Amino acid sequence: MTKLANLDWKTYEKRVSDGDAVILLPIGAIEQHGPHMSMNPDVLIPEAISLGVSAGLDNALVAPPIAYGYKSQVKSGGGNFFPGTTCINGKTLIDTIKDVVVALARHGNRRFVLVNGHFENSMFIVEGIDLALEHLRHEGIDARILLLSYWDFVNKDTIATVFPDGFTGWDVEHGGVLETSLMLHLHPDLVNLDKAVDHPPATFPPYDIFPSDPSWVPACGTLSSARNASAQHGKLLFDVCVNGITQSVRSELG
Amino acid sequence: MTKLANLDWKTYEKRVSDGDAVILLPIGAIEQHGPHMSMNPDVLIPEAISLGVSAGLDNALVAPPIAYGYKSQVKSGGGNFFPGTTCINGKTLIDTIKDVVVALARHGNRRFVLVNGHFENSMFIVEGIDLALEHLRHEGIDARILLLSYWDFVNKDTIATVFPDGFTGWDVEHGGVLETSLMLHLHPDLVNLDKAVDHPPATFPPYDIFPSDPSWVPACGTLSSARNASAQHGKLLFDVCVNGITQSVRSELG
Amino acid sequence: MTKLANLDWKTYEKRVSDGDAVILLPIGAIEQHGPHMSMNPDVLIPEAISLGVSAGLDNALVAPPIAYGYKSQVKSGGGNFFPGTTCINGKTLIDTIKDVVVALARHGNRRFVLVNGHFENSMFIVEGIDLALEHLRHEGIDARILLLSYWDFVNKDTIATVFPDGFTGWDVEHGGVLETSLMLHLHPDLVNLDKAVDHPPATFPPYDIFPSDPSWVPACGTLSSARNASAQHGKLLFDVCVNGITQSVRSELG
Amino acid sequence: MTKLANLDWKTYEKRVSDGDAVILLPIGAIEQHGPHMSMNPDVLIPEAISLGVSAGLDNALVAPPIAYGYKSQVKSGGGNFFPGTTCINGKTLIDTIKDVVVALARHGNRRFVLVNGHFENSMFIVEGIDLALEHLRHEGIDARILLLSYWDFVNKDTIATVFPDGFTGWDVEHGGVLETSLMLHLHPDLVNLDKAVDHPPATFPPYDIFPSDPSWVPACGTLSSARNASAQHGKLLFDVCVNGITQSVRSELG
Amino acid sequence: MTKLANLDWKTYEKRVSDGDAVILLPIGAIEQHGPHMSMNPDVLIPEAISLGVSAGLDNALVAPPIAYGYKSQVKSGGGNFFPGTTCINGKTLIDTIKDVVVALARHGNRRFVLVNGHFENSMFIVEGIDLALEHLRHEGIDARILLLSYWDFVNKDTIATVFPDGFTGWDVEHGGVLETSLMLHLHPDLVNLDKAVDHPPATFPPYDIFPSDPSWVPACGTLSSARNASAQHGKLLFDVCVNGITQSVRSELG
Amino acid sequence: MTKLANLDWKTYEKRVSDGDAVILLPIGAIEQHGPHMSMNPDVLIPEAISLGVSAGLDNALVAPPIAYGYKSQVKSGGGNFFPGTTCINGKTLIDTIKDVVVALARHGNRRFVLVNGHFENSMFIVEGIDLALEHLRHEGIDARILLLSYWDFVNKDTIATVFPDGFTGWDVEHGGVLETSLMLHLHPDLVNLDKAVDHPPATFPPYDIFPSDPSWVPACGTLSSARNASAQHGKLLFDVCVNGITQSVRSELG
């Protein structure tokens, strides 16, 4: 369970020299998550999960997270117009992913896990990976990259436990039970559940409008209620993600 | 029901001079859709739907489709390694969307509907729209853009009719009943149902691997079986999409 | 005489597997062509010619046209300020050409013909080709690309026949006899010769001014009169282009 | 002394609504700093200093650091070829700075302090700032940005104390007394002084060679010896930087 | 007849403060021009002509030439594969033109003449101008730019005199009578007519092939013979260009 | 002592065919240098020094200078707001360096010296070189590039002679004794020492402010006084630079 950047370079060199180390790269965003929570869950959760996964692997290192992500969308993050939501252009995210993967591969690394914590990032990460692999092939380097969003590892049993009143989809889980529970487990000091606003899950029409219409979004910024969030749920969610990801990494990159 | 580019410019000028025309822009991709169908359903279907929608609006024009889209992904389009799948970089798609919207807005247009027919395009279109609106604001122009993927307008009743054995999600509907039925309705000459391969819906792990692993994908390239496709289903799907989109456009941009 | 995208991928794979197929890529623009004609001749004509050429070759396929081209210039297209003229930035066109050629080459194709229908596109296509070939070389792929603008294949005899009153150059043939005749031959429904404005060929000073000065251009948008246009001339022009291009492709890529 | 991203968005909104908040943005790099220290001092030190400065201002917030910086150079960072040194392209850094500043300014912020911790970043930050301000001016926004590298606030007295044997310049202070002392003060767990290699300050010719020549650099990666580093020196350096920067911010942005 | 960069800034400020100065910007290329001539005629000739034009205007300044231009093409410059031909990418030229025009406009200049000396540059200059004017409009600045290639000012009488055996077009005048005569007039030390190779004008098919085929081009690199070149012809050509351009500038920007 | 572009291509081919020629590329800027001097010393001085160096090497050629450089900064060039200072974006300079080096390497050249004359250019040149070498490696080409700023070769003895009253650093030598003396030696017609303003060296706080604050800069634009400048000092400075660089090139690339 090691942060890559906390190593001195000699130790790092030894760890990665045979190309078998697994490098986990958390990718998040700075985005409002309601009045009851800090604006960094999309960074802190994937970093914590990455560290958890690294603990279960023989030789894994967690690279510094990419903290700034793609622009928040109304139907998955409330929208980019909220004060505090601080996002970058798509091309900038593509280039950042590409550059960081290429740099890490040049150290000899060939096995990567990109752990996404922000819904809107996914396709720009995909493109960054594609450009990185294309670039590396031009240098005669073949790498293998596993890309995931951590919530896709929450299984049905856990969903049934955590969402006893029914589950309305990951997209509206913005600032809701999933993220709030994980933050209560990982960073309780960054949550004040008293300030959470109880409201029914947001519903949206089957299209988007630009410029975004703030009236589509609950004024508090969350897309579902965090009422049922708890540290206990958070631990359950964390464990199921860490275990699922660890198994996947072992079978795919092991 | 008019294609914008089929007008002469004087007629076009009259149609758009008051800024109330609705411009529909279909956006697709050239991508394999199994051995039983041509590689252009992602272009032809949104163009046909756009034309259908335009027929129900007072003053709507359909711009020439953007034919080349973002790289096919394994879990929604089979993957970018299939011969025939001919895709462009994310930045190129972003720039194309931006440039075309800006050019059309400079003619006086303020109301746009972008009709997507290729799952992988969505976030790059979002970014193209965002950059276009930002650019137009620097020129003192405010426009309003509705973005949709047509399948999101298929309602539950239609799903129950078209997928009597159960619906496994739009993502694996690649080359399956949805697209094949629509093509049988719209372009029966481009479908040969005899060549469709019957296989259970593809299932995937909760992550992606890059470079893509062809063994994840049915060898035929479809992600679900087109066995139950029919022109009748196609008409039903077409009508429900056209009607739903028409209503949405009327209420949002009317 | 086959559109690439109308094939299913298995058929396409067979056609291109040995690398000997010729891929024709039409490149056009959406641009006003006077009050008597639609705004898509720069797309429709090169696509029709490409299909005509493909019919005379053993194994040729026509890729979907690139519909949006570089900004119309006063002295060859009337200027970019006409309503309806819908053009993209130079870098976007460069990138599109590059991406599409690279994607097609990765299917195994090594022989390309890029058929331009819009004067202003030429140099940006040249650069797209150069960047594509450079990129492919980095992947160990050598391809061979023939680039042409179809009007350069109209020979002197045909010019004498079609322009009996004298020929003033391809640049001012915008919306004139050449394009109108071809459209009358290929798409008579998109031409209304009654609306054509008869005026002498536009003459210009030996320089350009930016921003463009609309007073330089006939108000109707054409640069020469379409009065002598006819479907018969169109057939003659079409045939001479198709034949000339077919011969050139055979001798260069055969 | 508040991390911006640790606030909930409602609290943040209140803090920045009048445009008088000072936003501090630390910018670093992941770069080897010798065998005795972790690879993140260029991030951790400016973040700690930013937090220190924020404590002395009425209303200041520290944004999440930009962790990945420009490529390490031989004469100031040992060079980009060391395992562990993980850097991004110049254009990517320019775009990141631009995007983050623009996003923060759209929340209403008008006063920024960019706190650099990596020598090689400086000019790319300058360009990112210039492009951000240009972009914001197009939106009618005027902001004011103070850019600094923290070591430029170490005064002569402190230099005399910390470098009793003479000071050879900030450029060769890579992994030497300055950074090691600060890390001993701030993050003693990330330093193991026993592993520091004692060597005379690196000297270089008055030019650079590319590709870099590793033989120019001490094999341990530091450019001067950390022998005299101490937590006490670290506190002294930290305080002088924090005090100096605080005064400058007060006088320039107060 | 003043080079802008030879002024001190105070003098320059006085000259441009009222916005009425005409700024001439020569744009060339480094490109082989046969064995009898240096590789810089495309820079030296437009610079000399610009200086000549400036002498006939009330308040004109010649900016430093842009020396590196777009890639040489077979049919107008022999091709980019010749040793010595040193060219830049299209996007780089677009950006250079844009940046330089924007910078000069920010000094208060509103009247520009871009004097091109390299056939292949034209469309990239057009795009650079378009982007510059768009950028300046976002800053509330309207400028007026005249773009020309100097040879377009050679009138019929001069052609008859200089090409007594018939004129085969400016495209094959690469390294021929036009450029050689002008260089004999302006820089006789850079021409050695004894080394000129006498050959008939190059003829080309009505298409291009990429990668370029060197066998299309006379081995000496010129596209027509310089045999009839003379300093006397050079003076004639120079004068007709300078006079024609001067008149055009006066009438358009006067 | 040869300008590359003054050669005909056949002679050039002979000079570079064995890959042992040294190519010197001067890189400057157009920037105000006080009321007593032209705005091109950053171009003219490195070009003259490059020519001087080339005279002492067996086979060296000086490429045409890159005349437009990165934006002037307050603390080293007075700032980008002075009329006459005409600078380009960082990305444009990066791309120009990359393209020119790649083009020259494709002629067979493997040994480069980039001679910088403008403080603010340095890091963008570094990045241009890095991208060029990366690109060339993808083509199987290894080149070796020496980068320098000429003033770094002025040794202590010369400093003592030229700055008898004490030396305050190269950064404030903008328009001062160094550059003025060199221009008096090389281009006395471009200097009018009578107009030089005598003022103490500029002093600056240890940070930068953007937008730049003109009140930080002496109104004349120089950062130190040119009072002690002389052609004699210029010759001394020129010789020490030429000699030092020549020796370095011999030992590194010889």
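Observations, loosely collected:
Should a chain be cited, it is by its letter among A, B, C, D, E and F, assigned in written order, with residues numbered from 1 in that chain.
FYI, a residue touches a chain if its C-beta (ideal position, glycine included) is under 8 Å from a C-beta of that chain, and two chains touch if they have at least 3 such contacts.
Each chain and its UniProt protein: A, B, C, D, E, F = Creatininase.
Computed from a predicted model, the values in this text were never measured in an experiment.
Matched by residue number, over half of the contacts between the chains of C-E recur in the interface of A-B, chosen from A-B, E-F or C-F. Averaged C-alpha coordinates put the centre of chain D (Creatininase) at 28 Å from the centre of chain F (Creatininase). Separation between the centroids of chain A (Creatininase) and chain C (Creatininase), computed from CA atoms only, is 47 Å.
As a whole-number value, the distance joining the C-alpha centres of chain A (Creatininase) and chain E (Creatininase) reads 54 Å. Of all residues in chain B (Creatininase), those that touch two or more other chains are 89, 91, 138. Pairwise chain contacts present here: A-B, A-C, A-D, A-F, B-C, B-D, B-E, C-E, C-F, D-E, D-F, E-F [touch as defined].
On the side of chain C (Creatininase), the complex with chain E (Creatininase) involves touching residues 70-71, 73, 80, 89-91, 94, 120, 122-124, 126-127, 129-131, 133, 142, 144-148, 152-153, 205-211, 244-245, 248, 252.
The part of chain F (Creatininase) that touches chain E (Creatininase) in the complex is made up of residues 4-10, 12-13, 16-17, 30, 32-40, 43, 63-68, 82-89, 91-92, 95-96, 99-100, 103-104, 107-108, 190, 192, 195, 221.
Taken together, the chain D (Creatininase) residues at the contact with chain E (Creatininase) in this complex read 137-138.
By the touch criterion given at the top, residues 138-139 of chain C (Creatininase) touch chain A (Creatininase) in their complex.
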